[in-house]
Amino acid sequence: MQRRRLILYRGLEGDLRHGWPRYLNAALMVLIAANVIAVVIGSIAAVQRDWGDWLVAFELVSVAVFTVEYLVRLWVAVEAKAYSGRWGRLRYALTPMALIDLVAIAPFYLGLWLELDTRFLRVLRLLRVFKLTRYSASMDLLLTVLRQEAAAIGSAMFVMLIIIVLAASGIHLIEGRVQPDAMGSIPKAMWWAAVTLTTVGYGDVVPVTVPGRLFGLLITVAGVGMVALPAGILASGFSQELNKRREAYRRRVKRALEDGTVSRRERAVLERKRRELGVSEEEASAILDAESAGPRSCPHCGKPLTASEPAPPR
Amino acid sequence: MQRRRLILYRGLEGDLRHGWPRYLNAALMVLIAANVIAVVIGSIAAVQRDWGDWLVAFELVSVAVFTVEYLVRLWVAVEAKAYSGRWGRLRYALTPMALIDLVAIAPFYLGLWLELDTRFLRVLRLLRVFKLTRYSASMDLLLTVLRQEAAAIGSAMFVMLIIIVLAASGIHLIEGRVQPDAMGSIPKAMWWAAVTLTTVGYGDVVPVTVPGRLFGLLITVAGVGMVALPAGILASGFSQELNKRREAYRRRVKRALEDGTVSRRERAVLERKRRELGVSEEEASAILDAESAGPRSCPHCGKPLTASEPAPPR
Amino acid sequence: MQRRRLILYRGLEGDLRHGWPRYLNAALMVLIAANVIAVVIGSIAAVQRDWGDWLVAFELVSVAVFTVEYLVRLWVAVEAKAYSGRWGRLRYALTPMALIDLVAIAPFYLGLWLELDTRFLRVLRLLRVFKLTRYSASMDLLLTVLRQEAAAIGSAMFVMLIIIVLAASGIHLIEGRVQPDAMGSIPKAMWWAAVTLTTVGYGDVVPVTVPGRLFGLLITVAGVGMVALPAGILASGFSQELNKRREAYRRRVKRALEDGTVSRRERAVLERKRRELGVSEEEASAILDAESAGPRSCPHCGKPLTASEPAPPR
Amino acid sequence: MQRRRLILYRGLEGDLRHGWPRYLNAALMVLIAANVIAVVIGSIAAVQRDWGDWLVAFELVSVAVFTVEYLVRLWVAVEAKAYSGRWGRLRYALTPMALIDLVAIAPFYLGLWLELDTRFLRVLRLLRVFKLTRYSASMDLLLTVLRQEAAAIGSAMFVMLIIIVLAASGIHLIEGRVQPDAMGSIPKAMWWAAVTLTTVGYGDVVPVTVPGRLFGLLITVAGVGMVALPAGILASGFSQELNKRREAYRRRVKRALEDGTVSRRERAVLERKRRELGVSEEEASAILDAESAGPRSCPHCGKPLTASEPAPPR
């Protein structure tokens, strides 16, 4: 039993690129994608009418598979050091990934107990798409940056909301009496303000008077600055994160070079670290070059310039 | 009296995260938010009709609270070193934060003396939202960057205005006679030019002739470059500011490491500085690692390279 | 024969800036551009009617020229070290540039054998425009960055697709019964979601109910963040790539400076490298200044710090 | 005469912030702005009718002033070292600033000799706005970055044009028969493609069939990437340029610190350089701190670590 748990743990959470875990995880990914497609096309009335029974059957199978997956993950979680010991499974159950797995199946069981709107329940299944984040390595950088810049982007969105309210108030004052349907109150005018400041510009509501258009001109130009804020924050965030990762790799290279050469074992460790940090091979070799280029030891007295042992007294 | 002033000062301007100041400031924030909501929904005719009296009452209470707040802040300002001494309170009253507090209540008192448009006065209350900036720590970076890049963004906006005028002139020459209502003069054509160059694109005015569309194609593509300018400026601004803050932290770490180790007291000072500069814990430890890694002492004579005492003559 | 092959090789793949290769390659570029223009204007019915025969003749000439060009390139490819030896021509034929050359002529020959839609075949000729990338030096940086950031941009596009599906589901739930034509199913609602989240905003479909507009407001603001993601990724990508190139140049300068001076031959090599890496002259001289400024020799023993020969034992 | 020329030269090209040159240049700036406003409002038929004579008079005065300005600048140009000697004035006349001054007055004189469209001539006067760039210090960074990134942005625009043509061909194939007016030929369909790929999205032309909308969805998402390209290029450009300027300043600081202290004269030189490079005071002091922090001389043997003279043999 213990051994089986370990094998399952490795198959679900370990190296997913070789052997049977690879096929298991690929199958789960296909099932998730099929679920999303089923919900999307299931919302078409004609499909629902002609294929409704098949969709229900597919839903039952999917929930069964995801429920088993969730329970197995919960069972094997204690194999990880982080979740061993008391309350380990509970702590695992509260991690974002486990909560996503729960959200993927919970609506189905809630729907059995409570009287809920079927259409709403069906759409909730779409949240299963987030299960895919587990498998996407290249999305890690994206999510890291979004998490780190969350506060700054939140501030930008807050500033945007304030400016939307102020723009809506302005146009309401100017055109409130000319277009009572569209600008008759600040909440109504917020639709125009939001559509304009985000540069979406549907054109269903536009200022029609000369002062209204002058104000609108100001707001469209301000919108450009508004839209630039999150772009600026994210651009800086990506640069910072990539630099941080490159520096982390550089520190590893430095440490490996302390004795003057990179041994075979050190090379393997560096390679693993490189993949983990997402540093490209090209950059990695540039870093290695740059670090090796500098004087590691005084070329005349032969002593390392970066000695870890204290220098002998003269 | 003196002591009470000091206590109030600490409650309003000091550490707002513990004890009664926390609840006081939270209450003020809620009141500000409620004011904004009151103005927004108060602009709906039906709400004004049914709840008008309540809104007036709420306004009276709010102004009373904000007036008391303003006077108290003015009274306790001299507790701060920067505003002690002669003219201290006046100097405080001219700071941006104090002016915002004044603007939040001034319209009400002006409305008592002068005959002003009630709708306009009501919207002016929205400016109270800026009182919130006092409480937002995460907005500090945003405002710092916007302040530093103000000149560059101003230039970009000026360039944009020039290009709007040139684009408006071009389309006025080409389609002025075809669409006299929309393009009959340069000021009229500026509406189309601004809506296009900012990529808002309402579609209420579009070129209809073949040369007009060719010119429009050119302008839409130019608009993409136009919109990119502020994004580029802000992206660079955020990077620069974050780098500057990180470098400031690095200098602190360097100074703390001069004697070879980071003492407990130094650690506390660094932690305070880290929070103040908004450097993430992850980055802070990376900086500490990088600084500790370098040679702290001359590899030949074994003495520390960064001594604070002057070198003895040889 | 061998010599002629070498001359042709140099004329097609070597230095294209002097002598007859310059005119040959300029002629090929003009022909490609003329092909694109011919396809574009050939799609106008009136042009097709009046000039159809000329366009067919031009197409025959173009295909003949491109076929000869393709065969000659294949023949001379083995002159390059990379494609000499066995299977050299096959390996060359599988490079992106050779495949583009094949795609430029293949549709014509396929059209002779198979019954294909003429309109579709004609548009396929547009792919010849990619033959131009061979000649564009300034596009190299662009393509390098796009290639390096492909994974990150792919992730961003995937996130965008997920958010489009979620936004479409939301608006379908809210307005599906009000606007059955536009929001009656998730696939239908995806049109609105995509047009809004990309901030295109045609305005042919807009939410009309109050909850729909509230949801729409949320989505427009989210769209701004969505659009910012690729901008951020690319901005960071360009910075990284330019830094990498500058560092590569700096390493070259460092190596050239190892003996203390930059000889005439080293200067020529650096200049070639500088052009290859696209480092501006201004930056190059700044790098040279910075590198020359640092201590090139140990200030105590007077010997160069970066010696290539191993240090003698003490 | 010689002296008068020198005085005028200093007044027009030297330090414009003190004495009479300040008022002269301010007057010229006001005149330029007034010219732009005159052209813009002069395009309104009613204004032209009622104020036409005044506008003509103002134009005559303006041209007279600008002509005198141009001739005086040409006369004093030889005071600058760069334009002294033979052909000096001609070389000055070919600088961008001098050409702009010429373009500002040339249309008027051409209009006297040739029969030209008055409306077109009038709009040409708008080009006088470029004379303002002479006075704008904060626009220098913007123009430097735009000049440096011109090649990259050009490539991005070229890529955009290719993608517009390909998108137009695609939608022409799909909807050419459904919407012959809007998509009947590739040139016609380019209007939709450009409006969509630049995320302007007027909505005057939209795909209406299901395959058309699927293709449109793809194009709107691609448009987001398209728009991100110039933003990324410019963001990177601004960062690079600011870094370069900061590094140039750092090199100056380093040189000033070579002898261990910054003398009063060195401080003045640094301050001038700082303004010229547009480095903020805050950053400048951070750079000074960072450079002073490092060991300038070995604290034990007292010799400078960065010696300019060769070290004595041991």
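The first chain written gets the first letter, and so on, giving A, B, C and D; residue counts start at 1 in each chain.
One rule holds in what follows: a residue touches a chain if its C-beta (ideal position, glycine included) is under 8 Å from a C-beta of that chain, and two chains touch if they have at least 3 such contacts.
Please read these numbers as outputs of a predicted model, since none were measured by experiment.
Undergrad: Please identify each chain that touches subunit C as well as subunit D.
TA: Of all the chains present, those in contact with both subunit C and subunit D are A, B.
Undergrad: Looking at C-alpha means, what's the farthest chain from subunit B?
TA: Checked the centroid distances; the maximum from subunit B is C.
Undergrad: Expressed in ° and rounded to a multiple of 5, what is the rotation angle of the C-alpha superposition of subunit A on subunit B?
TA: So the copies are related by a turn of 90 degrees.
Undergrad: In whole angstrom, what separates the CA-based centres of subunit A and subunit C?
TA: 27
Undergrad: How far is the middle of subunit A from the middle of subunit D, if each middle is the mean of its Cα atoms, in Å?
TA: Distance between chain centres, rounded to whole Å: 38 Å.
Undergrad: Could you list the positions in subunit B whose residues touch two or more of the other chains?
TA: Where subunit B meets two or more other chains at a single residue, that happens at 199-203, 227-228, 231-233, 235-236, 239, 298, 300-301.
Undergrad: Using the touch definition up top, name the residues of subunit D that touch subunit C in the complex.
TA: Its residues touching subunit C are 148, 151-152, 154-156, 158-159, 162, 165-166, 169-170, 172-173, 176, 184-187, 196, 199-203, 206, 213, 216-217, 220-221, 223-225, 227-229, 231-233, 235-236, 239-240, 244, 247-248, 251, 254-255, 298, 301, 303-307, 310-314.
Undergrad: List the residues on subunit B that touch subunit C in their complex, please.
TA: Touch list, subunit B to subunit C: 199-203, 228, 231-232, 235, 300.
Undergrad: Would you pull the subunit B residues touching subunit A in the complex into a rising list?
TA: These residues of subunit B touch subunit A: 36, 39-41, 43-45, 119-120, 123, 126, 129, 136, 138-139, 141-142, 145, 153, 157, 160-161, 164, 190-191, 194-195, 198-204, 226-227, 230-231, 233-239, 242, 280, 282-283, 286, 289-290, 293-295, 297-302.
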